[in-house]
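Chains: A, B and C, in written order; residue numbering restarts at 1 for each.
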């Protein structure tokens, strides 16, 4: 076996990896707090959204060395030993070290277990039922808007959501047609609106302001416009506002006259039959 | 050298295919004229004295230019919206449409009174939510008569404004049902028909159902409005005109 | 005489298929249904269904697929070797590529051409999507057209990517790699391709069922490729065509997978032990296992959707009210589970062959043995097993079984461990190699970069709290494009550049390869890294229009997506020009050791004069003097002959 000495060494690559990792982490520490101000991350207006930012931060922190490891060693190989011409020699076979592979396996298992336990801690928050004085809001997704009602306040209905700052809110979400997904980025919550089922999610808004509500599940024609806003206000403002609202119009109760469910015609005939009839 | 030319040409060909498909699929998305709110002075509202403007729109089940009689009696000289009637409409004359345009422009912090003259008959609403007027100021009137809500089966279209939530503009939500014309069925002899509005040979009713309502605008912003009644084509009635600007979908600019 | 040879062929199949479709339509329009006058002759649900069924039957009759089973039913003897060779296209010249031909190499080329065409149309969809999103305001097309384009792009690309390894390379390369004369079931092989063609023909109906402005008849398909039950039930007629096309393509995929599995298990040459299989074979084997098990679940989902749409059953009509139609009482989560039980294994089915192919290419161009063969195999098999246990991570926000979220979070994060094995093997293989920077090597190296990004962002999404924020947003779109485009598609490009000389007898142009590689890699990375930002900002997926605050990242994504598409255009130009007039290739231009390079180019019918006896692994690089080609193929100069 012709033992041609090759340039490059594992230590040099390791040094590059260390530098890249440190630079990456410093960049993250410097830029991370600015991201919300630059609108790269949505505004944080609830405990839940704060949790999510922490998770994203930690995951990014841990992935910097992992990403750098793979890229630096692969890139170092390519740049150091790469050639446009066909090499006339062969690379030296590398024996599978009896130590290195187990180390790699153990490190990846430890990383995964750490991330999992960390995730479980936050999952606990997600699953926890809200405590204390809770504001209940029923959310109905329908093509293509969000309809809100307040069961604690005489079922007042509205198309814009009002929440009280620092008061936990529990959403009971359903849909009357197809699947939608109720998403308030600033509160860090997302829950599908599933026809025929009621799903729940809760959060405690902690910042007064107006934030967007979006639909995150393709729900047909105007999915892109299935958006509204949430106003997070003080308790006093909320009381004033809710007293000025009228009880929800009884549109959802089939008991009202002429609101019997519409029998949909034979499916094959739906297409164009109305238009063609000159209607 | 030839291979680089070929590579360049392949990019050009792909770009040409892309452009032509975009043009083909977006054929109806040609620029539409703006309809500006007509000045009506000022008006007292719950939010104080505001500027008052009006908009008048028509809805047609088909291209009215298919009906020369109707044009002679109705269109001639009718341009009180500030823009003249177009001489012909779109690529799809049989599509249901708002007329004369769907790009609406109104001032900020103003009372906007909208009059919709509907020549189309009813298409039952699938979702009765839209049978109730929402987000309007004052009352909805149909042919001068105030309505709290309409029968979902008698509704022909809706006029629904959506806000696009962003930090730059206030949210605006207005949804109004537009009552259909109870037009006569031409296949039934006239003496057996009661209380319906006669239609001419082309199917255009003699007079429209007129829906009027007002809403109040906030700070400047850009909004989308659509009809949410499945009056279009397709499996569920939401095809074709329903999402096409210039037909049953449009923009509202508050400036 | 020449015309005589065209019967039967794909041309007669196309003619009979078209006649079948028209006849079915005509029958429905005149004898069944009441709505036919109003909706136009072609476009009723029943007309489409009956038309598609007759299209398939007409096509199969036209290509002669029924000839053998029918003659067998009537007592004909099993065909002898000569008859089999005639069926494999012996002495037929170019015409054999347009026929129901059983030769695995012909089927491989047919698959390659078809998947390239599918890829081109899917790419056109991407071009349209990015054109719509270049600025806010939905200026290019209305939302119904946009949603239909999104659905078609997604579904077509999925069908392309699940086919483009198992199809061309699983058929052409794998049998030679393992030292077999053909696939285990040559007729099934021809049939699996022959089913994909009518599937694509049916898929091509979708744009004519209400996508554009000039044709509002159908209402488009507003579902996205996930075809969730309730939205698909109420979607336009395109959804019927979509369901039929995908069920058919699913059958094609299952048949192909069964064939590949059997071939790899049963047809290996003497001495080709499991521990001597090249990684490509392992990757395709894993993918075929996933395809055979997972695809049926999707077919069931689509079948239930068709029943809902055509017969008013109520599997997924979950509610009565709003715009929903049908009787109600169904369950939307059922559809989601059926779909994702296929949908998640499916992404690994796309990427596993890429793992294998990339490792093989890294070995060949590092001129060094694979580092840790067993670890790589373990990684691939680990992914196969785990991938069936993770599907509900797509339902973290759906409200279905929230108490199981901890479990799916655990399995999902576990899958990063076997994936990590593959990366360790890849780095160990190129470390201190004699790296030959060819175009396939470039694509293989870019796979490492892209897939690490895709994998790491996948871990973000496996974490429930983070997923609650990021799910259904552009972050997810960017993540899976990094795995599927950055991973699988880069692997596909690498594989095409690598095996093109063997498959066509000509080299691909290297200069054009370098240009297209850099356009693709830079365009892709900038476009989708910037899409991550839009996702973090809170932009939902699949929207025709968006809040102006997302305008910056979307503009960047669109512009660099054009760069990516320009690169892909050059790739296509390179394929065409090299196939027609490329430099002639030697039998083993890369000086690789695995079996497929030891046979002459063009590969003769039946591949090997004498079945080789394999005495060593495919990766015995090290010292030039001892370089040992695998097996003992007849024409292999320097191959170690044994047995």
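Simple rule for what comes next: a contact is a pair of C-beta atoms (placed from the backbone, for glycine too) under 8 Å apart; a residue touches a chain by one contact, two chains touch by 3 or more.
In this text, all values refer to a predicted model and were calculated from it rather than measured experimentally.
Enquirer: Name the chain with the Cα centroid closest to the overall protein Cα centroid.
Expert: C
Enquirer: Counting contact pairs per chain pair, which pair wins?
Expert: A-C
Enquirer: Quick one: subunit A and subunit C, Cα centre-to-centre, how many Å?
Expert: 28
Enquirer: When the C-alpha atoms of subunit A and subunit B are each averaged to a single point, how far apart are the two points in Å?
Expert: Computed value for the inter-centroid distance: 36 Å.
Enquirer: Quick one: report the Å distance separating subunit B from subunit C, using the average Cα coordinate of each chain.
Expert: Computed from C-alpha means, the inter-chain centre distance equals 44 Å.
Enquirer: Note the residues in subunit C that touch 2 or more other chains, in rising order.
Expert: 143-144, 217-219, 222, 234-235, 237, 321-323, 325, 545, 547, 549
Enquirer: Would you please write down the residue numbers of subunit A that are in contact with two or more other chains?
Expert: Within subunit A, the residues that touch at least two other chains are 142-143, 176-177, 212, 214, 220-222, 225, 227, 252, 267, 271-272.
Enquirer: Scan subunit B for residues touching two or more other chains and write them down.
Expert: Answer for subunit B, listing residues that touch two or more other chains: 126-127, 129, 164-166, 224, 232-239, 242-243.
Enquirer: Help me check something: in the complex, which residues belonging to subunit C touch subunit B?
Expert: Per the stated touch rule, the residues are 124, 127-128, 131, 139-145, 149, 210-214, 216-220, 222, 234-237, 239, 321-323, 325, 509, 511-512, 515-516, 545, 547-549, 565-566, 569-570, 572-574, 577.
Enquirer: Which part of subunit B faces subunit A closely enough to touch in the complex?
Expert: Subunit B residues touching subunit A: 61-62, 94, 96, 120-129, 131-132, 134-135, 149, 151-153, 162-166, 171, 173, 203, 224, 226, 228, 231-239, 242-243.
Enquirer: Show me the residue ranges of subunit C that touch subunit A in the complex, using the header's touch definition.
Expert: 33-35, 38-40, 43-46, 138, 143-144, 147, 150, 217-219, 222-224, 226, 228, 230-231, 234-235, 237, 309-310, 312, 318-326, 328-333, 336, 366-369, 371-372, 375, 397-400, 402-403, 405-406, 409-410, 413-414, 416-417, 420-421, 423-424, 426-428, 430-437, 445, 448-449, 452-453, 456, 459-460, 462-466, 468-469, 471-473, 533, 536-538, 540-547, 549, 591, 621-624, 627
Enquirer: Could you list, by residue number, the parts of subunit A that touch subunit B in their complex?
Expert: Per the touch definition, subunit A meets subunit B at residues 142-145, 147, 159-160, 176-177, 210, 212-214, 220-222, 225, 227-229, 249, 251-252, 258-259, 262, 267, 270-272, 274-275, 278-279.
Enquirer: Where on subunit A is subunit C touching in the complex?
Expert: Checking each residue of subunit A against subunit C gives 1-2, 6, 8, 35, 39-42, 48-49, 51-52, 55-56, 59, 63, 66-67, 70-71, 73-74, 77-78, 81-94, 96, 101, 104-105, 108-109, 112, 115-116, 119-120, 122-123, 125-127, 142-143, 173, 175-179, 181, 183, 185, 188-192, 194-197, 199-200, 212, 214-225, 227, 252, 261, 264, 266-269, 271-273, 276-277.
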